[in-house]
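So that you can tell them apart, the chains are marked A, B, C, D, E and F in the order they are listed, and the count of residues begins at 1 in each.
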Amino acid sequence: MVKKVVTFGEVMLRLSTPGFQRFTQAVSLDVTYAGAEANVAVALRNFGIQAAHVTAFPSNDLGIAATQTLARFGLDTSFIRLSDHRMGVYFLENGAVQRAPKIIYDRFDSAFAHVGKGDFDWQTILKDAAWFHYTGITPAISQGAADACLEAVTVATKNGVKVSGDINYRRNLWQYGKSARDIMPGLIEKTHLVIAGESDLDNCAGITGNSWEDASAKAFQRFANIERIVRTNRESVSASHNRISASSISRKGTVHSKSYDITHIVDRVGTGDAFAAGLLYGDITGRNEKDALEFATASCVWKHTVPGDHNLASAEEIDTLVKGENVGKLLR
Amino acid sequence: MVKKVVTFGEVMLRLSTPGFQRFTQAVSLDVTYAGAEANVAVALRNFGIQAAHVTAFPSNDLGIAATQTLARFGLDTSFIRLSDHRMGVYFLENGAVQRAPKIIYDRFDSAFAHVGKGDFDWQTILKDAAWFHYTGITPAISQGAADACLEAVTVATKNGVKVSGDINYRRNLWQYGKSARDIMPGLIEKTHLVIAGESDLDNCAGITGNSWEDASAKAFQRFANIERIVRTNRESVSASHNRISASSISRKGTVHSKSYDITHIVDRVGTGDAFAAGLLYGDITGRNEKDALEFATASCVWKHTVPGDHNLASAEEIDTLVKGENVGKLLR
Amino acid sequence: MVKKVVTFGEVMLRLSTPGFQRFTQAVSLDVTYAGAEANVAVALRNFGIQAAHVTAFPSNDLGIAATQTLARFGLDTSFIRLSDHRMGVYFLENGAVQRAPKIIYDRFDSAFAHVGKGDFDWQTILKDAAWFHYTGITPAISQGAADACLEAVTVATKNGVKVSGDINYRRNLWQYGKSARDIMPGLIEKTHLVIAGESDLDNCAGITGNSWEDASAKAFQRFANIERIVRTNRESVSASHNRISASSISRKGTVHSKSYDITHIVDRVGTGDAFAAGLLYGDITGRNEKDALEFATASCVWKHTVPGDHNLASAEEIDTLVKGENVGKLLR
Amino acid sequence: MVKKVVTFGEVMLRLSTPGFQRFTQAVSLDVTYAGAEANVAVALRNFGIQAAHVTAFPSNDLGIAATQTLARFGLDTSFIRLSDHRMGVYFLENGAVQRAPKIIYDRFDSAFAHVGKGDFDWQTILKDAAWFHYTGITPAISQGAADACLEAVTVATKNGVKVSGDINYRRNLWQYGKSARDIMPGLIEKTHLVIAGESDLDNCAGITGNSWEDASAKAFQRFANIERIVRTNRESVSASHNRISASSISRKGTVHSKSYDITHIVDRVGTGDAFAAGLLYGDITGRNEKDALEFATASCVWKHTVPGDHNLASAEEIDTLVKGENVGKLLR
Amino acid sequence: MVKKVVTFGEVMLRLSTPGFQRFTQAVSLDVTYAGAEANVAVALRNFGIQAAHVTAFPSNDLGIAATQTLARFGLDTSFIRLSDHRMGVYFLENGAVQRAPKIIYDRFDSAFAHVGKGDFDWQTILKDAAWFHYTGITPAISQGAADACLEAVTVATKNGVKVSGDINYRRNLWQYGKSARDIMPGLIEKTHLVIAGESDLDNCAGITGNSWEDASAKAFQRFANIERIVRTNRESVSASHNRISASSISRKGTVHSKSYDITHIVDRVGTGDAFAAGLLYGDITGRNEKDALEFATASCVWKHTVPGDHNLASAEEIDTLVKGENVGKLLR
Amino acid sequence: MVKKVVTFGEVMLRLSTPGFQRFTQAVSLDVTYAGAEANVAVALRNFGIQAAHVTAFPSNDLGIAATQTLARFGLDTSFIRLSDHRMGVYFLENGAVQRAPKIIYDRFDSAFAHVGKGDFDWQTILKDAAWFHYTGITPAISQGAADACLEAVTVATKNGVKVSGDINYRRNLWQYGKSARDIMPGLIEKTHLVIAGESDLDNCAGITGNSWEDASAKAFQRFANIERIVRTNRESVSASHNRISASSISRKGTVHSKSYDITHIVDRVGTGDAFAAGLLYGDITGRNEKDALEFATASCVWKHTVPGDHNLASAEEIDTLVKGENVGKLLR
């Protein structure tokens, strides 16, 4: 039996303006519930992999709706914690051409910000897991969230569960008195798969270099557990048109993916999460580093064509894109 | 020149489920920006009275959208304070028949909760005002909001501006360490028009009696400035059908309005605010107590037929309803 | 073969606010194309009767859309005249309970207002027709429209085509220098079926009486061709709840229909047209006066439950309502 | 641990016209996936009871969407069978006042119609179940569906799982060569809780009597396993207004519920399923016959206020309705 | 008088996901009624050519809605056959960039699949027709549909009506026991205008060659009636961007059209039908082969910009595109 | 204090088809209220500049809605004149790729067409104004509108208020007996900033030249007040893709802006008005000719990405686009 993946992080109410409306025009907002780590779990579930998401919600109708959104995809929601605090919210305005997409976060003091060490039974949660996945967002939210994340990572490594960390640095978070460089190294040293660009390595661990490859080499030296460092390369032609490829470094060398022109972006959000999910899918299904990277890149590309945070794609659909046959032709 | 009305209180982002959807069904939420006191100002503006609303918003696109929503109706928005805090939010699920409408508040730590004494130049704001209007919600939000409200009321009475207070008691607010009975009497003693039911008099001032009339008599004794105590009488046949009348007590006696059957409620929220606006309109236009009460009741009734918090009605429309001629007949 | 019905009158672009929104709230308007006389033709077509509608449209995309709306129901649109003038428009705000529905007309100088005598080949148009139907609106629009209507009525009576006139009086029309009393008698004297309430008889022909029955008796005396005078009796409990019955007077006596409580009105507009269509359907299918009246009343009632101007009902559905069995029960 | 409920039956794509549109007006159709038995499972899940639904879907995106719709509510979907056949569809037109709601079924040859004996591992499925629930629809669809239902009922009774059957008779089904009277008695004799009106007892088992009570007495005589026969009493004032109460007969006597006026029906479909779910909830939580009947009736009533087939209500909400306090009052 | 065109084929209920939603996201589906051959008739009608469509519908509200959709455009719908079978359905998910559009057909056992020889009075239907048009879909649906198509083609050729066949091969159809090569040659030999690519000639008639030109030459040899063989050349850059040109071979030689870049596809479906309609329009209005091909190609291109199956364009609009002046400039 | 801008011109009800629908498909139309000159005022207000718009509306709900639309942005609406005439309307169909966007105007006999000399108190209106802005549309509507515009321009120049004129020539207007060459020179001679292409100079003043630069030189000779002549250079690749740059000529020489590729146009209307607003903003904030031109061009570009007529952008957003950093990158 293929083992499951466990993800941990905040899920927010996403409120996005319809079509190309600006915030000040909207008389209605589209609703979904999403967060970076849960997006990874949803994408994996759509690829056919079992997954559980661990988070905290308010014990009101918004918490129920968020749980149902995850359950709909077949995620295990039984480890979600309910509390009296509020639901985190993010407001999204889609962009177009020269106008960038824009997010307003309203996640302060959420139910998830109140989690802490001992709140989750990680031994039980991580049983039969192949991977535990976190991002740089979670430890930036609150000391409690950072503690819980470290606890999870520690239990995971003890129990032979591999750890994946998308250590994206978000400057506007990290408000609780600690910096990323205080917290992140403790997590990274227990992480096997690191998703990070050059600036992430600097912001999270103070590692700099002449290039991403150079900085990555230093990271391999400092953190013994790291097996792979991976990043996407995004060229932003405009808000409607991006170019995407990806690179993966292991201790053996570097591989690069194909490059894709995404000329008509439907939804930019969650594309990095689709990439992370693709990497884990590749690993779980035994693909080699190059093939896993190609699958992850195509997964990332596909997500740009789907509205909402979630990558709605089967593994077969992504594989077809990797093969590049008949791209975009009407399927009857 | 007819003088203006000044209102003070929080304006929130209102997010309501479309049609009769429950929270857990909604894939979009309808948007407006509203709050009890601003609703009074909007209704008055639609009746043709000048009005300014005083509040605080975050300095982001949501704050701009909220300001524009008030400005649209012609309110003076020049006294609105901008800050770095969040926008208060309320989620509304409409009800139907045996299923009650439901509100989830998410207003903690909002920009308005951070206002305080000295934040507003009440001397300037209240210049040329006929009335200042507040509700029992504002002093319940935070010590600062209570302080600012008391400051406004004090300046108003000093400057000959009449004060109107809809002292509705909301049990779920009052979280900052003071009770309504600590704060409200200081406001009520400077209030000329009090909108309050029996339980409000008890919760806000500890005044009880055998009846609303009896409790009101005691309130007149205790608070020398009160000229009128007014309430609506709502019979809730179902979420879709309410019966409404109103009563007004002055030191001379009691008058009652007609009763209305609202058999197909469109939007329940803001109906009390439409009532308050009707009372102020009656006063400003020199109507007697009975006529003002009838106007206010009809204003309250009308609001039940309009989606959103705001009473979209001209004074002529309300007067037509008071007269009761050709109610509901197609106007060509 | 059952003969066809010919109707003549303006068709406008109908722009209505969605749900219960007021005009000032609407960010979109629902679109259809409709007019009193065309509504009669559409209803008859849905009952299975052949019908042609005669009107004039601008030769632009709005004219095409209007024509297609009529053609969709199977109406013969081949006699529609195209011109360079504008499309008439009407704006509709639905009402609710104590708030009346409201119409703003913007039909001045429309393509239809520019029709005139000789513009239509009535000999061809009325060939094989059983009935020609007009309303009091058409002759009120312009001298040319009145002339064309009189021409049609004259050709009809000469050729043995019966004439039906819903002589509803609209005070806001009649702007071109003639009054209804100048024009309408010339039409009424060629009309066999007159739909008119007491005030219509007065406004259109100066006929008054102690009652509708009395005034009708005088109308029978004055206008030799009239065979029946019919009206609906509408009690407007509220904008959401009307009570409807109908009465029909012939030279032999009066019959009355059942009364219906329409407790949840969906769309008030076009209900009189559905009534007129029901009368013509009854006549064409050989029903007696009483049965035709019951069918017409049920047709009128049914229309209140359908959004838009058009009565979407089969004759079978109306007959089921007349029988009154299992009203409102789920049909599987 | 409270045991689970297992339900078995077809889930269809439900396509309903928005608002009060007729089929011929709709330019879009609202989508959900639902079926009588699954509706029972969903309602129970919302009441907090574990439930699994057993059915068959096509192995395409519609089958995935249907599965996700059930999974969203937390149902166990692991026993759903995938096949190459089509998804059953039903089209729904909401009614209003005198216009009845209308359903067009298009379920012939669906994936579910192709299920048969041996297709489901009922021993595993029914493990730890408290109740198995079926309706009269399932055995009417195909011989295979009837066989699978009988197999499930047989395994259930052998394993001590109680059986509930809503033996509603649908004349338009039963097209495969057998009549209800051929098939249903074999199911009824293994059923403990029978939901049936007078005509259902006649159509399904040929049992007639002077009254429902009389017929039920005969059913108790003939079928030894029946413990309770229950029905709702629905008075259809109009498509918008129904009156509902319910009655329950056991071998000890009859109890009746309160009666409710549902004056503004939102969605008529699935109300009987909400009733059945309420009965099972009452039994599982140990309520007596009268209390379970009151809960079931309130559950049925509540469903009329929610769009879609599914009863979105917590057990607390239903209990509040049973108590009848503050019905319809705004909850803040 | 310009003669009419007769088309024959299935019209389905088209249910498409709004915007860029995937099937599993949709909570509503957009509705139209369309089919390849009817699309040709609609496009021709919009170009100003008379047209009749022959098909079969269920005798329910869906059949009425489908008929009204065709009637709206002015098609002659009087030859449509009603029966008790179901409406064929197709579900469409729009694509974007790397994600292809996707169709799920659900047309088995439809009313159209039940048509057969003798069901239509082709002598009457084809009277005064200039062209009869069929596609390779119709004979693939059922033996009866193939028989009826052959009957129509036979009557057409006898009566001097030219025959046009878009012999597109759909592998997933042809389920009734015959192959395309069994059936299609009998139709092709009576066809004057053949729309076919290289693989269509092989699949339908077993004709192969070194190139489309070569295979076409063989087709001319084998089928004496063929006057022209035409195809579009589509390059699928992505689901959002296609490149289109077209080629036409007669016994005199080959002509090619201009090439168009369609960089922002709105709706891919029905573009081939718009091409076919353009060819017939060119022929009927006496254009030469090259001009007809340019008109057809521009018609195909235009359809990509219009939502739904139907090409909504006047002949003037297509001619403007052929001329290539001021493409895309705002028309005031 | 930065001085205000005053704009003068008609504001119409804009009714646009949703998405990419054609006029004949639309069952709803999106609503806003807009006009060329008011669009300039709105854009300026969003940039932080005070602005008043002067116009005339009907005294009905549409006039109220239009006023509220302007007030929402913070425009001074106190100089708007109410009358009994109708609201001007324009219908907009968005284009896509090879299909051009299309406007149908229905503005004849509007309230604005009835304004005239003496209707507005320009002395008061223009007090404290920095600029008065008009376009070539206003004097084309009616003699009265031309008179009022000339009156405003005259008062402005007398009072030291600078005048800006976007003298775009609209052939379909100018129906009241005067030509542009009769009227426009009188306005141009009092204008300091002229926005005009080559054909505008010819149509409005009969000035021709070998190039725009040459014609402009002649305009400088003839009209002594002109300080700058400015135009945008638009290359229409398709309805979805335009290329935009701009040029500005003063008596000292010519400057050119950067060129932008707008590859995914959201809304083409109002882009010229956004350009004009950018020029005025540049002037008011003291930018030099080149910087003002770059700001104006970026403002024009930005407008293409926003639905509706109004440029919703802050000055900061436009400045970021001018700088060209991180164009289109997600802002968190």
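We adopt the following convention: contacts are C-beta pairs under 8 Å (C-beta built on N, C-alpha and C of every residue); 3 or more make two chains touch, one makes a residue touch a chain.
Since the model is a prediction, treat every value here as computed from it, not as a measurement.
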Given chain C and chain E, the chains that contact each of them: D, F
Touch-network distance, chain A to chain F, counted in steps: 1
From chain F, the most remote chain by mean C-alpha position: D
Copies chain D and chain C - interface residue numbers shared by over half, same or different: different
Rounded Å distance between chain B and chain E, as computed from the means of their C-alpha atoms: 62
Euclidean distance of C-alpha centroids - chain A vs chain D, Å: 41
Rounded Å distance between chain B and chain D, as computed from the means of their C-alpha atoms: 45
In chain E, residues with contacts to at least two other chains: 22, 24, 27, 68, 102, 264
Which chain pairs touch, all of them: A-B, A-D, A-E, A-F, B-C, B-D, B-F, C-D, C-E, C-F, D-E, E-F
Parts of chain D lying in touch with chain C, wherever the complex brings them together: 19-22, 24-25, 95-103, 105, 170, 172, 236-242, 264, 268-269
Chain A contact footprint on chain B (complex, rising order): 15, 18, 22-24, 26-32, 60-62, 64-65, 68, 86-87, 89, 91, 93, 102, 104, 106, 108-109
Interfacial residue positions of chain F with respect to chain B in the complex: 68-69, 71-74, 77
Residues on chain D engaged by chain B in the complex (per definition of touch): 19, 260, 262-266, 298, 301-302, 304-308, 312-313, 317, 321, 326-332
